[in-house]
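Each of the two complexes below includes subunit A, the first together with subunit B, the second together with subunit C.
Here is the complex of A and B:
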C-alpha cells in the first residue's frame, strides 16, 4: 500500500487501470448494449466537460464557445477517415486521425485563445461565443467539404489497428474508456502540478501571481490550448461513435451541455464534471424515454441542485464527507 | 422522552435534491433493462418546437394502421409495439435515440420520421447496425440517390426532391408559356432541402422552358419569423414568377407578409409545399390562384380510396392528414405486408419482401392505382404528384393536373447521370 501513497502519478495510473478493469468486467456482467452506450457517452461527454472545467473551475474563465473545439476534433477525424490517406495508412488511420483531431483542435485553440485571453469576464465569454459561431458558419458554408447542414455523410471506415477493431462493440467500449481514463490521469497530473496551482492563483487573485513574476497570459493560453485539445479528443471519439459529424456540434447550444454537466457534478472537485456527465446522460435517457418535456425536467433538476445543494453533487458529497 | 429533530428549510431542500437525483439515476436503468415480446418499431421524430406537427401527424397515421393490425390479431398473436421518441430535430440526438432503440429497446424496425439533417444521422446508425429502416419524411434526393449514402437495409417512402422538381417544372413551364412568364426569382430555406429543391427545379425548368432569366434568389433561414428582406428584394426585382420550397409555418409567414405588400398581384407564386391542409388553413386569407403541388389533399388523387383515407383519419383525429401522414401510412402498410408475407422479423427477409414490391395504395398512380419500391435505389415511385391553383375554402385546390411519371423517370435518369450517380 506504500506504493499508493508514494507517488501520485503511480497511484492515479493504478486507480485508472483498476476502474478500467472494473468497467470491462461490468461489460460482461451487464451485457445490455444500452448500458454500454451510456457509459461510453458519459466518458466522452465527461472529457468534454472536464476540459471546459480547466477554464471554469481552475482558471475562473467562463468560456461559451467550447463546442468549437469539440466539433473541430469530430470533423478532422471524419474528414481524414473519408480521405484517400486511409488507403495509404491502412491500419494506422484511426490513431493518426485522432492525433490530428487533437492537433487541429489545439492549433485552433491557440489562435482563438491568443485573442480571447486578453479579455476578462463577460467580454471573454462573448468573444469565445463569437469565434464558435464563426466556426459554425464556416462548417455550414463549406458544403462540398463538410456536407453543410447535413453533416458528414456516407460514414467512414474504421480499419483495425494493433488488434483493435472499433467496428466491434466491445473493442469500441474498451478503447473509448481506456483513452478517456488515460487523458483524465494526464489531466490530473497537469492540474496537480505547479502549473495547475498557478491557474488557481490566477483565479483567486490575478494580481498576486503577476507580482510574483508569473506570466498570467502565458498560463491562461496554455490552459486554453489544453482545454481545446481535450475537447477535440472528445469530439473525435463522438464522431467515431456516431460515424459522422454534425454542424450542431459547433452550435452555441452544444457549449451549454458541458456547462450543465459542471453545474450538476461540481466545478471544485476534479471528477465533478464526469459525475455531471453521468447525471446528464442518465437524465437524457430517462427523460426522452418517458416524456416530451425534456427542457422542463432538466431545468427542474438543475434548479434542485442550484437552490437545494447550492453546488454540484460531487462537491456536495466531498464537503459532507470531509465534515464528518 | 425522545427528542424530535427539527429540519431546517435548507436541509429539506438538500435532502429533496439528493432524493431527486438518486431516483432519477435509479429510475433510468429500468427503462434500459425492460424487454418484451412484441414486434417493436422505433420512431425517432420531432414532437416539440415549431414543427411538432410533423411528428404528430406521422405518429397519428402509423397508430391508425397499427391499431387495425393489432386488433386483427397481429402476427401470430404478436402485436406491433410503437416506441416513439423526440429527437428535438438534432442529428446527434436522433443518432442517440436510434442507437437506444436498437441496443436497449431491441426494436425490430426503425421507422424514421426525422427531417433531412437528422435522417442522414439515422442512416449512419442503421448502416452499422443492419437494422431495417423505413424513411418516411426526408425529401432530400441524395439520401437514396447517391450510392455512397444508400444502405441495403434502408427504404424511402417519402417524396424525393428530384421527382417533385420535374413534376413542378413541367407544370410551371406550361403556365409560363400560357402567361408569358420570362423572369423568375426563388425563395428557399437555407438548408439542404431548400438548396436541393432550388437546384433541381431550375435544372428541370431549363429542360422544358429554356431562355428564362433568374432575377435573384432569397435564402431565408429555416424557422425565420420575418421575411421583409426577401419581400423587398422581390418588390425591387419585379419578377414574373417566384418559386419557393418554404414549408409549414415558414411558408405561412412568407405568404401572409407578402400579401401585405401586394406581391402576388403581378407575380405568379409557385409554392411546392402549400397544398397541405395544416398550411393552407393557417394562411390568414388564402388568395385564389397561387400554384402549388398537392402535398396532401383529399381531392387528389381523385379516387374513393383517397377520400376514404382522409375520412378515416379525420374521424379519429378531428383534423386532416398531412403529406407526412400519407408517407408514413404507405411505409407502415409495406412493413405490415412484409411481416405477414415472411411471418418473420428478420431484417434480410423483410428487406427482400419490400424491395421491388408494387402495392395498391390510395396515393398510387401506377397501373391499378399502385406505388412501387424501386429495386435500384429502394425508393418509392408512382405516387401521386399533382399541381393546381388555390381557392379560399375546401377543397382548397382547383384545376389539378397530374404529373407524368414517364417524364419524371426519364429526366431523373438524366439528372443522376449528370451527378455521376447512375
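Here is the complex of A and C:
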C-alpha cells in the first residue's frame, strides 16, 4: 500500500507500547501532578508540532495558520459534547466527539488547503495566516455559539467509556499519551512510505517529480489534510484537558508555538518537534515559576538557537552521533 | 450583519463624512507603518515580523520624551528617530546575519525580538497602561462640524501629516539618487555591488528608514491612544494585510491598500461591528486568491 511501510510497523508499535508502559510506571514513581501535567501537555503540543512539521520539514511549506485546525478540533469537540445529539450517546459521546473533531478539522483543511497550495513561498504563508485569522474572527463574531471572546462557556460532560473516566487524572494521562503514541506511530508509517518520500522529493526539487508524472498538488493537499486532522486531534485533547475552548487558540500567536517547538527540537528528525515540545514545556514551567518575564527568556533562547546552533537539538544530536 | 445601518449611514452626510474621516485617519496611520514594512521587504526581502514591536517602541520613546520635555513635536520626531537608530542596530547586529537564510529562520528571529521587546518595555516602563501623550494644545479646540459630521482637528492633522510623509517618501524613491539605488537594489543587488555601491550601507539605510516610519506611526498613535506592551501585535497583522493587498514591496500599493483597509474598518464597524477584523482578513484572502501579487504588485 502507498501509505504503509510494513518493515518497521511492528517495531514501531512495540516501541510505542513500551514508551507508553514506561510513562505509566513513571506516573506512579513520580506522583507529582505538576510533572504529569507537563508530560501530557508535551504529547498534546508535540502532536500539534509534529503535524505542522509534515508541511514544514517534509514538504518545505511554511504554514503560518496551523492553529486554525487546533482550534477547530477544540471547538468541534466542545460544541458536540454540549449538543444533545452527541451527549445522548452517553458512553460513546467522547470517542464520537473526538472522531467528529478530527473529521471537521480534516474537512476544513481540505477546503483551506485546496486554495492555499496553489500559492508558493511567502504567499502560501500569508494565505494560511489570513484563513486562520478569518476563522479567529468568525469565532469571535459567533457569540451565541462559541461564547465569543470569553471562550466556550459552561463546560461539557465527560462520561466514562470502555471503563475510562477522563475526569480522573490518571485515566486522562494514560488515554492522552496512548492516543498520541498511536497517532505518532501511524504518522511514522506515512512519513516512511512512498508517499512520504514523495513529499521530500517535492521539497527538494519540485520540477523533477512533476516531470516524472507525479502529481505535486495532490501530494501537497493530502499532506495538508493529514496535518490539519492531526492538529484537530491535538486541539480536541487540549479541549478535553481544559474542559473548554478559547479563541486565543485560533490567534496567530498560537501558530507561532509549534514553530518554536520545531525550531527547538529540529525539523529534519521525525521526533524533533516532540522533543521541541518537551524543551518548550520545561522552559515554560521553569521560567514562569521564577520570573514574570517569560517572553524575554523564550526570546533569548530562540535567538540562541537561530543564530547559534542553527538547527534543532535532536537534529544536532543525530548529526553528532552519526559522525562518530 | 446590519446592512440597513450601513445604508442609513451612507445616505446621511453627517455619518458618511465622519466615518470617511475616521477611515482616512485609520488608513493613513496604517500607511505610515505599513509603508516601512513593504519598503524593507521590497529591498531586503525580509519579512520584518518585529515591525510592530518597533511601532510600540516609537510610542514608548515619544511618551518618555514627552514626559521629560513636554514638547509634542519634539517627542514625535525624536521618538521616531530613536526607533530609526534602534532599527539600524537591529539590522546590523541581527537581521544582516539572516539575509540568505530561509523564511522560517527570518520569521523566528524577528519573532524572538518581538518577545524580548514586549517584556523589556514592561521591565523599563512597568506593565500598566501608560495614558496617552495627549493632543497638543494647538489642537485642543472644539471639533469641526462639517455637514453635522464631527471631525476632531487633530485627526485632520494626522491625516495631512501622514499624507506629507507619503509624498516625501514618493519623492525620495522616484526623484533622488538614493531612491534609484534602493529600487535597483530591490531588482538586482549583485549588479549594484559590482558597480561599486556599498550594498550593506544601503540595506542598513533602508532598514533605518523603515524603522523610522514604524516609530513615527507609533509616536503618533501614542498621542491618541494609550501605550502598552504588546500594542504592536495587532498593527503588525494589519500592516501585513496592507502589504499583501497592495503588493509586496510596492509603496503606492500600500497607500491604496491602507485606504481600503481604513474604510473597511470604519464602515465595517457600522455594518458588522463584531466582524470588522474578519472583513479585513476576507479582503486579504480574496486578493491572495484572485491576484496573489497584490493590487499594484508586479508578477514575478
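Criterion: the second predicted complex is superposed on the first by the 316 of 324 C-alpha atoms of A that agree within 3 Å, B and C clash if a C-alpha of one lies under 4 Å from a C-alpha of the other, contacts with A are read in each partner's own complex, and residues count from 1 in each chain.
To be clear about the criterion, a contact is a pair of C-beta atoms (placed from the backbone, for glycine too) under 8 Å apart; a residue touches a chain by one contact, two chains touch by 3 or more.
If you're wondering where the values come from, they're calculated on a predicted model, not measured in any experiment.
J.: For A:313, is the partner it touches subunit B (first), subunit C (second), both, or none of the two (neither)?
T.: After superposing on A, A:313 lies in contact with subunit B but is clear of subunit C.
J.: If we overlay the two complexes on their shared chain A, which of subunit B and subunit C does A:21 touch? Say first, second, both or neither.
T.: Touch partners of A:21: none, neither subunit B nor subunit C.
J.: Is A:111 in contact with subunit B, with subunit C, with both, or with neither (first, second, both, neither)?
T.: neither
J.: Give one of first, second, both or neither to describe whether A:145 is in contact with subunit B, with subunit C, with both, or with none.
T.: A:145: touches no partner chain.
J.: Applying the document's definition of touch, where does A:90 land relative to subunit B and subunit C: first, second, both, or neither?
T.: It touches nothing on subunit B or subunit C.
J.: Check the residue A:298 against both partner chains and state whether it touches subunit B (first), subunit C (second), both, or neither.
T.: Only subunit C; A:298 stays clear of subunit B.
J.: What residues on subunit A does subunit C touch that subunit B touches too?
T.: 143, 148, 294, 307.
J.: For a test of understanding, state which residues of subunit A touch subunit C in their complex under the given definition.
T.: Of all residues in subunit A, those touching subunit C are 56, 62, 64, 115, 118-119, 121-123, 125-127, 129-131, 133-134, 136-138, 140-141, 143, 148, 252-253, 256, 259-260, 263, 293-296, 298-300, 302-303, 306-307.
J.: Show which residues of subunit C lie in contact with subunit A when the two form their complex.
T.: Residue positions touching the partner: 47, 94, 97-98, 103-105, 107-109, 111-116, 118-120, 122-123, 233, 237, 240-241, 244, 248, 272, 274-275, 277-278, 281-282, 284-285, 288-289, 292.
J.: Sort out for me which residues of subunit A touch subunit B in the complex.
T.: It comes out as residues 32-38, 41, 143, 147-151, 153-155, 167, 238, 242-244, 246, 248-249, 278-279, 282-286, 288-290, 292, 294, 301, 304-305, 307-309, 313, 316.
J.: Where on subunit B is subunit A touching in the complex?
T.: 13-14, 16-18, 20-21, 24-25, 27-29, 31-33, 47-48, 85-86, 88, 90-93, 95-97, 99-100, 102-105, 116-117, 120-121, 123-125, 127-128, 140, 142, 146, 148-149, 191-192, 195
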